[in-house]
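Each of the next two complexes has chain A plus one more chain, namely chain B in the first and chain C in the second.
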Partner chain A sequence: MEAASVSQPTQAKRRKKSGAVGSEPRTPWWLWLAVAAIVIFCLLPFYWLINISLKTGADLSGSDIVPPSPSFDNYTSIFENANFTKALRNSAIVSLVTTLLGIVVGSFAAYALARLQMRGKGILLAIVLSITTFPQIAIAAPLFRLWADVGIYDTLIGLVIPYLTFALPLSIYILVSFFREIPKDLEEAALVDGATHFEAFRKVVVPLAAPGLATTAILTFIAAWNEFLLATTLTSSPSARTTPVAISQFTGSSQFEVPLGTQSAASVVISIPLIILVLLFQKRIVAGLTAGAVKG
Partner chain B sequence: MSDTATLRAGTPQKRRSRGIPERRLAVYMVAPSVALIALVALWPIIYAIWLSLHEYSLRQAGLSRWAEPAGLGNYTDALWGDESADFWSATRVTFIFTIASVILETIIGLAMALAMHSAFKGQGLLRTVVLVPWAVLTVVTAIMWRTIFDPNLGFVNSLLGTNTVWLGEEPQALMVMIFADVWKTAPFMALLLLAGLQVIPGEIYEAAKVDGANMWQRFRKITLPLLMPALLVALIFRTLDALRAFDLPKVLTNGANDTTTLSLLAQRTFQENRLYGEGSALSILTFIIVMIVSFGYIRLVGGNIRGMTEE
Partner chain C sequence: MAEIQLQKVTKRYPDGTEAVKQVDLDIGDGEFMILVGPSGCGKSTALRMIAGLEDISEGDLIIGGERVNELGPRERDIAMVFQNYALYPHMTVRDNMGFALKLAKEDQGEINRRVEEAARILDLEQHLERKPANLSGGQRQRVAMGRAIVRNPKAFLMDEPLSNLDAKLRVQMRTEVSRIQQRLETTTVYVTHDQVEAMTLGDRVAVMRGGIIQQVDTPRNLYERPENLFVGGFIGSPSMNFLAARLEGDTIRLPFGETPIPDELRGRLRGDGNARDVIAGARPEHFEDADVEPDRQGLRFRAKISVLESMGSELYAYFDVEQGHVESAELSELAADAHMEDLPTHGSGDTQQVVARLSAASSARPGGEVNMLLDTKHLQLFDPQGGKSLTVE
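Right after this comes the complex of A and B.
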């Protein structure tokens, strides 16, 4: 359908102008309805979070669709909270380091799996893939004790190491499919010119795979930024706590009051970097998510 | 492994380049990843098995690292001993949550994908909108749905004219949890399925139309079968993800009102109650359940998985 409308753009335009109803499909009313439903389904809940985050005092006991007296008090209060700002910094460090390590180490493995001659490639890739299905809980329980023995319980490095259990397989899996798409001729040419395989990888494949590397980096960063089970199990103080954990442990003025106003404000704040990433890199993210998933 | 690989005669060396031989280079490049994965995934799991065969009481764990060997005691306790009620209840909750949310996500995701595929205007915008729930943190998703279902602050009660404390009642709390999961992951499903729809050649539909197939027949006989590979992959990812659910129940209800999943039960047992042996046994049991389900899937759709790992 799309192909048809692309290949005959002038005809389609002419037909539309003359208003004739041909075989060209027009967007029917129910499709607009479906599109509207999707937009509401996806965005309304997030709007509600913003709505609550702008409410304070008496507003926080009603279900008004728009805050009667909007205020940024919740936002100022979370940024005055040293635990929250520390958690933001911790999250940024842990996510960036995890992403960097995952990409560098993972891209080596991905290149070997995608291109080089090697035995047991299929099995290795299957193992990598199966690691992504491991329930994190099976790692969290023993690490809770191991890290205390090793002395890295409640530290950032103690989080980065187990984060590699998902960062590495994710990087390898996505990069293998990106590396395979790079034409082999360019590497062959470099090899003929006397480059080693490693040089061909570094100077030809990596630059060509830059979009794939960016996609992988974004997906790994989001996964690390989102991680909660290991973060809550392997930290016990604000010094290493990441934002998801910090937000989930917000307390209100009294112990029994759930501080939904400040929690919502903090939730909006930590969602913003991710929403910016999505707005900027929508195409890349979709390409990464569907890499390898769609093959006849 | 590297030696046998390089020594193995057979495939003739087509080209010779300087530097490290190709097969050995491959091993060098794969080795760091394999070593790291073994260190951070395999070693802890083996340690978890060891822990699960020992008994730590609260008192002992505080005083020393010594633990009493307990054989399979922790497992028999969990499966049919003192703790079995908790384990089976968590298993039931986990499976109800997984089955309900995966079915709903598939249906809603498929509907969304079909709509997105037909809407040629604004598809890019739709894709961005759909990525918002996917990008929102699970913890934030939980907080979001808590505000929406909050008896005072939320709009659900005023919309339905009810007066329910949603997270405070038994079937409702689990329903909210399923709902939150569907919101977060149906869009992911939709994107995977949309990618699957986009590789189906349009000519097939044209041909079917010429042959007089109506919309439902075209969906049943063309779209669905050709979409199957993408659908199965999405199903596997989502099922295995839902089986290890932890973030949502932890933040929504902390497991109250019949929402304790297996991961949450295990985590609570070893962290809050410091029962390392029991907690590890529960973790390993969760692990085994997830493995059984994924093997089931692989048996079911073996060809498609193999297609993903091979060229």
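Right after this comes the complex of A and C.
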């Protein structure tokens, strides 16, 4: 009671103060401090990566916050390495194909689960989602044997298939919730307007689910682009090796040197496509596209 | 443009419930047909069956002389306006209205010409490049109408198209819909639960209850000659008053007095002349303050006014009648639809509340008594069993 009556005048004062500045309540200073702390916490490792990638020779063992003699030698050297450029190409192919297939198959499956009347829909969705709980390490060894027998060991398609397996459940789950949000009336309106079921799906449902598709696409792409465990288990030669594996196999000038500079430079390079992708899709990911479809 | 015929059309769901039962309905070429009824009466289901969005369990649906039961919505050449408009939010108004034409592979010039013509009719020209999210409710409604009329289809189907608008706009759009339909002369089936819309818009009105059509007639005939209790109670606002009455020889005994059967009714009254219980229906406007019209013929009685509502041009006077309460499945369904079943005024004990529309010149006061006059020649009599009208052939 006492504490409340004491704090009241200060509160009133503060309100008066903020009221004088403007109608919007001002963001308190400690919130800005917290934001700054979080940003530093998140970005510091990446800054350190860039920092190392610009150092060469003896500087690498130092802990300077700013590289004393920055150089792009590490960057030029990794692009002269044929194994790395080949791996970049492999990563791009594997990730893009996985994403594309994932979106097509995922959206069909999710649409069916969201719209069609069928028995055991809930169980089916639960089973699909339970796949994501499998530890990858549990299937890595069996998959290695199986792929060797089937003859797709050390091929790109041998990577795309398991990546799809792990990407699809989450894609389907996200898309089901997006498709459910789309009013059924819109599809019926399209049908009455003369669309086939597929046209209604392609011209009305898919554009409206675009934020969901963008989200799943980006998640699938990131997962496939960064994947290491299966990539290292299921490949053995530069012809199918993806960048995370290739980077791990960088060698220093001697057996005893860790190739820290080149690895950092390569890590920075493979981060760039992801950053561009996220920035590109950011607007699409913001939902609210269905506003105005129905009375609101 | 085409005729639409429903022949013994039934909708049965997998669990056995029938939403629409053996409906027969002939909708003429260019006719404006209204399906009206309380919620859950099957009117929307019937419309969706005509559209092809619901399968027809039994019976035949014929549009323009062709049986279309097995055709999908796209092959039926009909346009539909949805209750929530169902505009495509990712398309501009222009693309929304042209979507059907684009699907039909019309060339772009023709699409533009027709969209712009429809926009001119609906006064949407300056909004063509906007998205639905940036339109007001009334504009969205007009876009939904526009999407239907650009196609020049065989028929318009409208599913409560005005129910999402606020009251004033609804009245405006009602006349708009009527004007457009008269101009285009396209066969229209219009579903509503609002009996005012039904009365004002339709060439003919089909009143539905529990999946069964109760009566199909012109608005005027529905009002003046309801074939049963349900239609009598549903059509008209304030609704018809129902009172327990008894037919004895040549007289009708009402709770507030006896009156000889008027000549107008005697000819039509069926029965064997034995005394029997009936339900009497009297519209509010057939009551009048006897002091205002002293020369008018009718049954006179004293009534104690409990509530008086002044509408400016007229007064609604509510009074209670002892021993006038009637019970019937039809009436309780109407009450339930209007969410009135819990109101104490409706069916408490044996008194029945009656509403009378009096002239504004009446001196009636709340709590005061008034000399009431009932014009008995407009009295409707219904059979308490089944609710069929005894006064309509």
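The rule is simple: the second predicted complex is superposed on the first by the 247 of 296 C-alpha atoms of A that agree within 3 Å, B and C clash if a C-alpha of one lies under 4 Å from a C-alpha of the other, contacts with A are read in each partner's own complex, and residues count from 1 in each chain.
In this text, a residue touches a chain if its C-beta (ideal position, glycine included) is under 8 Å from a C-beta of that chain, and two chains touch if they have at least 3 such contacts.
This is a predicted model, so every value here is computed, not measured.
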Original post:
In the superposed arrangement, does A:195 touch chain B (first), chain C (second), both or neither?
Top reply: both
**OP:** Name the contact category of A:116: first (chain B only), second (chain C only), both, or neither.
**Re:** first
Subject >> Per-residue contact with chain A, leading partner among chain C and chain B >> reply: B
Subject >> Which of chain B and chain C A:265 touches, first, second, both or neither >> reply: neither
Subject >> chain B versus chain C as contact partner of A:208, first or second or both or neither >> reply: second
Original post:
Which of the two partners, first being chain B and second being chain C, lies in contact with A:186: first, second, both, or neither?
Top reply: second
**OP:** Kindly list the residues of chain A that each of chain B and chain C touches, one partner per complex.
**Re:** 191-192, 194-196, 199, 289-290, 292-295
**OP:** Note which residues of chain C are touching chain A in the complex, please.
**Re:** 51-53, 72-74, 78-80, 82-90, 99-100, 103-104, 131-135, 137, 140, 147, 151, 157, 164
Original post:
Taking the complex as given, what residues does chain A use to touch chain C?
Top reply: 183, 185-186, 188-196, 199, 203-204, 207-208, 210, 289-295
Original post:
Which of the residues in chain A come into contact with chain B in the complex?
Top reply: 1-5, 27, 31, 34-35, 38-39, 41-43, 45-46, 48-49, 52, 55, 60-63, 65, 105-106, 108-109, 111-113, 116-119, 122, 124-126, 128-131, 133-146, 149, 161-162, 164-165, 168-169, 172, 180, 191-192, 194-199, 222, 225-226, 228-229, 232-233, 244, 247-248, 258, 260, 263-264, 267, 270-271, 274-275, 277-279, 282-283, 285-286, 289-290, 292-296
**OP:** Going by the contact rule at the top, pick out the chain B residues touching chain A in the complex.
**Re:** 1, 5, 8, 11, 15, 17-20, 22-23, 25-27, 29-30, 32-34, 36-37, 39-41, 44-45, 47-48, 51, 65, 111-112, 115-116, 118-122, 124, 126-140, 142-148, 150, 152-155, 157-158, 183, 187-188, 191-192, 195-196, 199, 202, 205, 229-230, 233-234, 240, 243-244, 246-247, 250-251, 262-263, 266-267, 270-271, 276, 279-280, 283-284, 286-287, 290, 294, 305-311
